[in-house]
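Input: structures, listed below.
Next, two complexes with chain A in common: one pairs it with chain B, the other with chain C.
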Partner chain A sequence: MIKRSLIVLLLIVTAYILYPLAILPPQDNLGNAAAAITADGVTDLGAANLVTSVIVSYRGLDTLGEVTVLFLATAGVGFVLFRKRKSDTADTEVPRQASEFLQTGAIFLWPYIVILGIFIIFHGHISPGGGFQGGVILAMAFLLIMLAFPGKALPEGFRHAMESLSGLAYVGIAIAGLAIAGDFLNTRILPTGQTGSLISAGAIPLISVAIGIKVGAEMVTILAHLRKEEA
Partner chain B sequence: MTLVSILGFVLIAVGLWGMLTRRNLIKIIVGFSIMDTGVHLVIVSLGFIKGRTAPIINKALSAGDAPSRAVDPIPSALVLTAIVIGLAVTALLLSFAVRIYREKRTLNIDDISELKW
Partner chain C sequence: MIIFLLIFLGIIMLVAAIFAVMTKELIAAILATGLIGLMASVIFIVLAAPDVAMTEAAIGSGLTMVVFLLALRRIRQLGGSDND
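The block that comes next holds the complex of A and B.
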């Protein structure tokens, strides 16, 4: 009874908190920050996709923090699921083979999924996409291989190296922005180029690549931890 | 209130109800995911302006037109961030569930009484 009334109370409090958001009148115009970004974003940074401009440059510090949170969550998953190797019996046990359909399909689809992921990472500044989306697609390609061929995964050392190097590259580009262009994470350290072409928007594609590799490596690490748990 | 934001509030309510009333840890995590999705829908709908298009400059939307014809790019960027964080938090929650199952051989929170008051 006391549980039930506490639940109802909590729902009422949540409704009270969310109520002002619900009666907000629909907007007709952009807010000040959004108006400034949509008006000057293209001339400032040269990226056709304004959402990417916000993620990578205007609010780049948030993205750096977010990548840190992702790293912490991955480390947390590894820490929580850590188990001392009891004996070698668990390792020598051969996991059950996947079906032939899955194996053939995985080999067939793998290159296309990787190409799609790379495409989405490299086109983040001119079309919908970017490091996060492309990185997750890359991770899915490796998940497919992990499902089709149990026991085969990206070597742990390689994953950790990619993760660390891409994080280091991200922070390095950010500090280069501070040194050359005067602001932390300023992407105008490279010429902005012709808006809409592949090589444009200063350092935004480079940061996208760093984010993509980092997110992909983190995701594969999380999946590998959970996969190891199941086996 | 747009249809999307109403849907978002419904999903928040469903997810919160599920998190509070279910006894199985996996169902609680599913509830969290549903609530997460609802929050994303609400944030995206806050930046939406009726009749406008995505804030991506191309042939259909010139840079000069953008302030008058594009929606707010900031909520979209925030939601992209929130989706990735939600994924990381869900993975962490699931690994806690795995760990609890490994120690206790149960996922029912009524059987896990150490933290009961």
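The block that comes next holds the complex of A and C.
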């Protein structure tokens, strides 16, 4: 009884706090930073997709932090789920075979999903998308293979090498921006080219590729850790 | 017109969220969580934010659901054989 009345009280207080937001007049003019970016962003960096140029360059330091958080999450999952395999039991147990539908569908769909992921990564500065989304889609393609063919995953060393190298490339491009163009993560170290073409927008596509590979490798690592202990 | 679509999608999200909390079936709860992410990504598309919609569809309704399902299976395996 007292629990229920507390819930009702909580709902009333929440509604009272949130009510002013509902009757707030819509804001018509942008803030200072947003106005400056929307006015000069496209000509400044040469990327047709302003969202990507904000994520990769204007607030690129935050993206670097997000990627670091993801790396720490991967390390945490690996730390929690890591178990030393007993070498005699692990090899004798054969993992259960997936159904034929799943195997055929996985083989059929895998290339298309990979192509979609690569497209989204490479066109991040032109159309919606970018490294993060494309990397997750790539990871889902590899998850499909992992589900259909147990025991077949990307080799662990390869994953870790890709992740480390792409992270290194990201930081390297950022420092190159500091050295050449004068700002950390300034993407104008390469010519911006013609806005809207595939090879344009300076170093934004390179950073997208680095983020995509890093995110994809980290996601596959998390999924492989969760999947590995089932045998 | 758009406001009605948004309200409709929001009601679906609310119903799915309450269902996910109330139901006893864990798998149904996980699927309802994925439905929330999917509806959120549709709302982002309607509000002209395709970048966020892509992230939400890939993470919110794809990856989160897969991670939850794998974790659920792992918990069941641990519960089934507690000789470890």
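Assume the second predicted complex is superposed on the first by the 202 of 231 C-alpha atoms of A that agree within 3 Å, B and C clash if a C-alpha of one lies under 4 Å from a C-alpha of the other, contacts with A are read in each partner's own complex, and residues count from 1 in each chain.
Going forward, a contact is a pair of C-beta atoms (placed from the backbone, for glycine too) under 8 Å apart; a residue touches a chain by one contact, two chains touch by 3 or more.
Everything quoted here is computed from the prediction, not taken from an experiment.
K.L.:
Given the touch rule stated above, what does A:L11 touch, chain B (first), chain C (second), both, or neither?
P.N.:
In the superposed model, A:L11 contacts chain B only, not chain C.
K.L.:
Contact-wise, after the overlay, does A:I120 reach chain B, chain C, both or neither (first, second, both, neither)?
P.N.:
A:I120 sits against chain C, while chain B stays out of touch.
K.L.:
One more residue to check, A:A34. First (chain B), second (chain C), both or neither?
P.N.:
After superposing on A, A:A34 lies in contact with chain B but is clear of chain C.
K.L.:
Taking the superposition on A as described, I'd like to know which of chain B and chain C A:P26 touches: first, second, both or neither.
P.N.:
A:P26 contacts chain B only, not chain C.
K.L.:
Taking the superposition on A as described, I'd like to know which of chain B and chain C A:L143 touches: first, second, both or neither.
P.N.:
After superposition on chain A, A:L143 lies in contact with chain C alone.
K.L.:
Contact-wise, after the overlay, does A:T43 reach chain B, chain C, both or neither (first, second, both, neither)?
P.N.:
A:T43 sits against chain B, while chain C stays out of touch.
K.L.:
Applying the document's definition of touch, where does A:L178 land relative to chain B and chain C: first, second, both, or neither?
P.N.:
The answer is neither, since A:L178 touches no partner chain.
K.L.:
Could you look at A:I222 and tell me whether it touches chain B, chain C, both or neither (first, second, both, neither)?
P.N.:
both
K.L.:
Identify which of chain B and chain C touches the larger number of residues of chain A.
P.N.:
On the superposition, B touches more of the residues of chain A.
K.L.:
For A:L61, using the defined touch cut-off, is the partner it touches chain B, chain C, both, or neither? Pick first, second, both or neither.
P.N.:
In the superposition, A:L61 contacts neither chain B nor chain C.
K.L.:
Identify the overlap between the chain B-contacting and the chain C-contacting residues of chain A.
P.N.:
Residues common to the chain A contacts of chain C and of chain B are 49, 51, 128, 130, 132, 222, 226, 229, listed in rising order.
K.L.:
What part of chain A is in contact with chain C in the complex they form?
P.N.:
By the definition above, chain A touches chain C via 49, 51-52, 120, 128-130, 132-133, 136-137, 139-140, 143, 219, 222-223, 226-227, 229-230.
K.L.:
Where on chain C is chain A touching in the complex?
P.N.:
Residue positions touching the partner: 50-51, 53-55, 58-59, 62-63, 66-67, 70-71, 73-74, 77.
K.L.:
For chain B, which residues are in contact with chain A within the complex?
P.N.:
1-2, 5, 9, 12-13, 16-17, 20-21, 42, 46-47, 49-50, 54-58, 63, 66-67, 70, 72-74, 76-77, 80-81, 83-85, 88-89, 91-92, 94-96, 98-99
K.L.:
In the complex of these two chains, what residues of chain A are touching chain B?
P.N.:
Its residues touching chain B are 7, 10-11, 14-15, 18, 21-24, 26-31, 33-35, 37-39, 41-43, 48-51, 53-55, 59, 62-63, 66, 69-70, 73-74, 76-77, 80-81, 126-128, 130, 132, 195-196, 215, 218, 222, 225-226, 229.
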